[in-house]
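Report on the following structure.
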């Protein structure tokens, strides 16, 4: 537990924002999978800082695979992977050495552990999510063999919502925006916030399509439960919706229920999940991120000696963490689906018998 | 995993809606706790069906404790507890023996397991949540020793939201409504839906107050992540919000950030959690339930032989599952906090040394 | 953890020797398995007290299944099962209410938990193993579908070792003795100890035959590691051997190595396991039990107020716990093999593809 | 699971014998522990190859710590550590590319995973144990704060047993021999085997002294159960004994029972463990290793195309793996005790209250 996610397909991460390296052990990868390292690097590139509307931190984020792969194929043993930190500008942080940034993990980490690792948030930094993207990339390679596809994009920036969902456009957008017509307004809003030294909230939409039925284990390893955990456990997430989401609580049953026909469901308020198990329809998720806590305006806080102070942060931060959040959400969903795919093989005698060819 | 929740304080459940019994093993209860069985029974009474605005199923839901308690005190060994099912009217269900109720677990359970246990939803029935309430009751007894208090109530029915939050009123309300002035309108809305053989969504607000700091384990056993899992994993939940929730994604950082003063935070958009760890402020959660899928209007569906049919359900069902959902949400939150409280004892050398008195 | 064994096929137990009931939740049973309740009862009958050379405690040990089975077939949901305790003669124990029986769990349970549940050892009693036999019985039903067979018997009593291994004879023997010619001497030795109010150690031999290859997960869920845990974790076990066992440490490599031929191995010093994974040969285990600590001679001990006292135990106890230990060892091995069988389905892409028929 | 050991104090390992690197994530280390990197390196030096009577492989085994430590103190976040492989002489192995070495993991790994990573045993190599020693070293630093001491040495080589146990001598002995008078005979035996291209079994004795009471969780996380798992799960181990061990099964209860006096037990047949919980006495373990399977005599085997062949191995191997096994056994015991120490803090209300100072 603690720093491990998943059961059969699982990953454990280590590393701080400004330590030597971050890394991950991916365990439970079935033997015989072609590991496309270029694909995984391209996933990391979608997450890495240094973009136009993201943190200016300079990291190449080159992943190095250390084990578990032989002649390009997974061996069934754990895949160790690592990224050395390059831009460890710890000096950036000396001015906040003793200061707790409001709405940041500084305060809780110090209280919990009694130690102030002031270097860029230490372990609580979003930098750790690079490890998740590596694991999610391996998960996607597995899911691909079964046809499952995961896509995402930036759905809203502040109160500016996408109206059309176009995942192909998102791939080309600087902010991973889902709607070509709305993207400009969203970018303007971001620029406006940045110029006023402020930050913005936003939301991300994630979809798994061409889904396999039967993924999800009642009662405490449900597909929706795991999505709730993975997404709400991301830095800055304050709400998670699946299918009809919050609107669902305002609907009548006769409207909300998804009628079933021979070929599937005629609506998808369920977001592809019934009683915690995938029903074959698309899994639809919206994840809401708060505004980045790191802003460059004067704020009231205390230091580690409990003195009240006002301070102004310096440094490099994303104005809207939802932008880079989208690829991380995809990665977490991929890991969940992969884990459940592996577990489900053991859940009926028929599956077992197919597997062993008895 | 599968049917177990939690790590150090954990519980495993068994039982189907219309089987012989449902039950739970609660593991990891520290020795030396006074087990107030009456309190736990009173918690169950808050969940049990048969109320004015809930299912008419007739169950006394008397819990029987089988182990782990000696002369009223927990012994540190697992607490086994059981409720025999009384009202197993399986005949009610023969008319839907082969029919998949729309937006119900029938479809996914049959596809996953290849078996149709048509008796009232079998394992996927909300009846299982009685076991959670027993475990949550024990968790509350532990939390009480540390002063932590958990309260909840029905926040919204369809689009009718509570405006004032009054947990004391909720205790006396037939629908656990939080706002005395709004409750009547909410009840009317429920009655209206019931009369038209329909059902309604709603939401529940849960609050943990007098919180202890430092509960929550980064990176994959965070307090908010676990809340996301537990709540989203409940039958019918489609969205979960913590603190500022969805609104948080529409705010500026300078507004959303909670300033820190010597005595605590001057706002609580964080909902008491920073970087997955409790910061001492109240934990605020809203959980959104879809309308009960079991309605008494004609619906389109298929049967287990893939024939398309139209059918009308008979039986006894809650018009708004959010009503009885509130106590279940409380129970899950209590279990999470208790688990994290136990885990946190081992997270610093100082805690260890305090504990062993070295 | 704590009171749960296994991962995919797992079981959790509750219950004390002289509480109301003992029971088990068996989780992860694949759907579609015929549950032969009579077989499981017959397994319990092999373990139950009241035999000629076992404890005189009078328990019918009738198992009641509460969930997870529908029309005789497993549904994939947890199987709850329970045995009510009948013969709870707690009065037998009042004379040792405050006394720690030497080499018994009394001392450590009291120190750890601060509570003295003096009724027959409470949770530390071997009575808990009935729950293991129920779970092991279900595991055997699964293994049977794959042809795997588990057998056992009493190998040695004190220094009297079986010379021929005859599992069929063991089934008919009052002490589950493996060697018809030796059994009488072993029984005499037991009678002799009993008459002198003493007890005896002994060992059990367990064999899994017609094994499937590939069961066992490196590095920390190995088949031999799990056997080590399960057997050493049984009450009274002080040593565990696999294959060549202790003799193995005295051999030369050129003698110990098992040559491989097309049809298999020409010797089996490995005991069917290489690098933690089954190799298709028989799994051979010997488990050594200490003499029952409950003897009826005067012993030196202390009470819970740290007074030194001499005392003589009264009551009903097995003179040689190894006798009833054999069926428990079988059950644990069955659970392990079943768990590994389920996990192994997810360990290669080929298995996954077979299972899902992609 | 799979490649993770432990629950609260846990470690996950990755890496193959001849891959780029091996490494470990140590999770659950309490914050505030001084990490003595030199001590951990000295532990690794006790395990590393290149000694007089061990493999001639040339590895400096320099550990690099990557995270979880700030200014020499543990931060409570996972400690990542790595060792780059230097001497990856894969060419040594081309002659056995397709050959299954008898009694080696080659056969089972190939059958299970369908892949032949012939480079020095790949993941199944004892090289992985360096990661265990790093984790065990951190565990020892924690245990030291509580006074617990772990020592070990080579007990027997083939049938030559130590008669006096001298842990201080073992530290200076080339074979970690426990008995100065016997060591020479043991070395002669090893040399004799080496010269005849053969290998030898042996056993290791491990002792934890100055023990804390109360470590161990019934029923499925017992101290003896975990020792059974950890030791039997080591490469080449065929038997594990605790306390009286195999002799215990030959004794009378009246002899075996350890009398209790005010100041402790007057004998220690229990090996410091009763009902799975430490009783304060020394924990005594003997672990029996088979002879190294890698010998340099002609052997009969098959290749991966199922052809029967005779072959002679070349390369560098330990003549007696028990020698280097002793430090690994110590490390595993340290990890277990540390994990149980952390878990035990949550097992009574009194501990919790001490910890939180309520």
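Per-chain numbering from 1; labels A, B, C and D assigned in written order.
The working rule: a contact is a pair of C-beta atoms (placed from the backbone, for glycine too) under 8 Å apart; a residue touches a chain by one contact, two chains touch by 3 or more.
Just so we're clear, the structure is a prediction, and the values are computed from it rather than from any experiment.
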item: From subunit A, the most remote chain by mean C-alpha position; value: C
item: Inter-copy rotation, subunit C to subunit D, in degrees (Cα atoms; steps of 5); value: 180
item: Distance between the centres, which are taken as Cα means, of subunit D and subunit C, whole angstrom; value: 26
item: Averaged-CA centre spacing for the pair subunit D and subunit B, given as whole angstrom; value: 44
item: Inter-centroid spacing, subunit D versus subunit A (mean Cα positions, whole Å); value: 38
item: Sites on subunit C at which at least two other chains make contact; value: 1-4, 7, 13, 28, 31-32, 76-77, 112-114, 123, 218, 347-348, 350
item: Footprint of subunit C on subunit A - complex, ascending; value: 7-9, 28, 30-33, 76-77, 142, 145-147, 212, 218, 341-343, 345-358
item: Subunit C residues touching subunit D - in the complex, by the definition given at the top; value: 1-5, 7, 13, 100, 102-105, 107-109, 111-114, 123-124, 128, 156, 158-159, 193, 198-203, 213-214, 216-222, 224-233, 235, 237-246, 248-254, 256-262, 266, 269-271, 274-279, 288-295, 297, 299-302, 306, 308, 322, 344, 347-348, 350
item: Of all residues in subunit A, those that touch subunit D in their complex; value: 1-4, 7, 10, 12-16, 19-23, 25, 27-28, 31-32, 64-68, 70, 73, 75-80, 82, 112-115, 117, 122-123
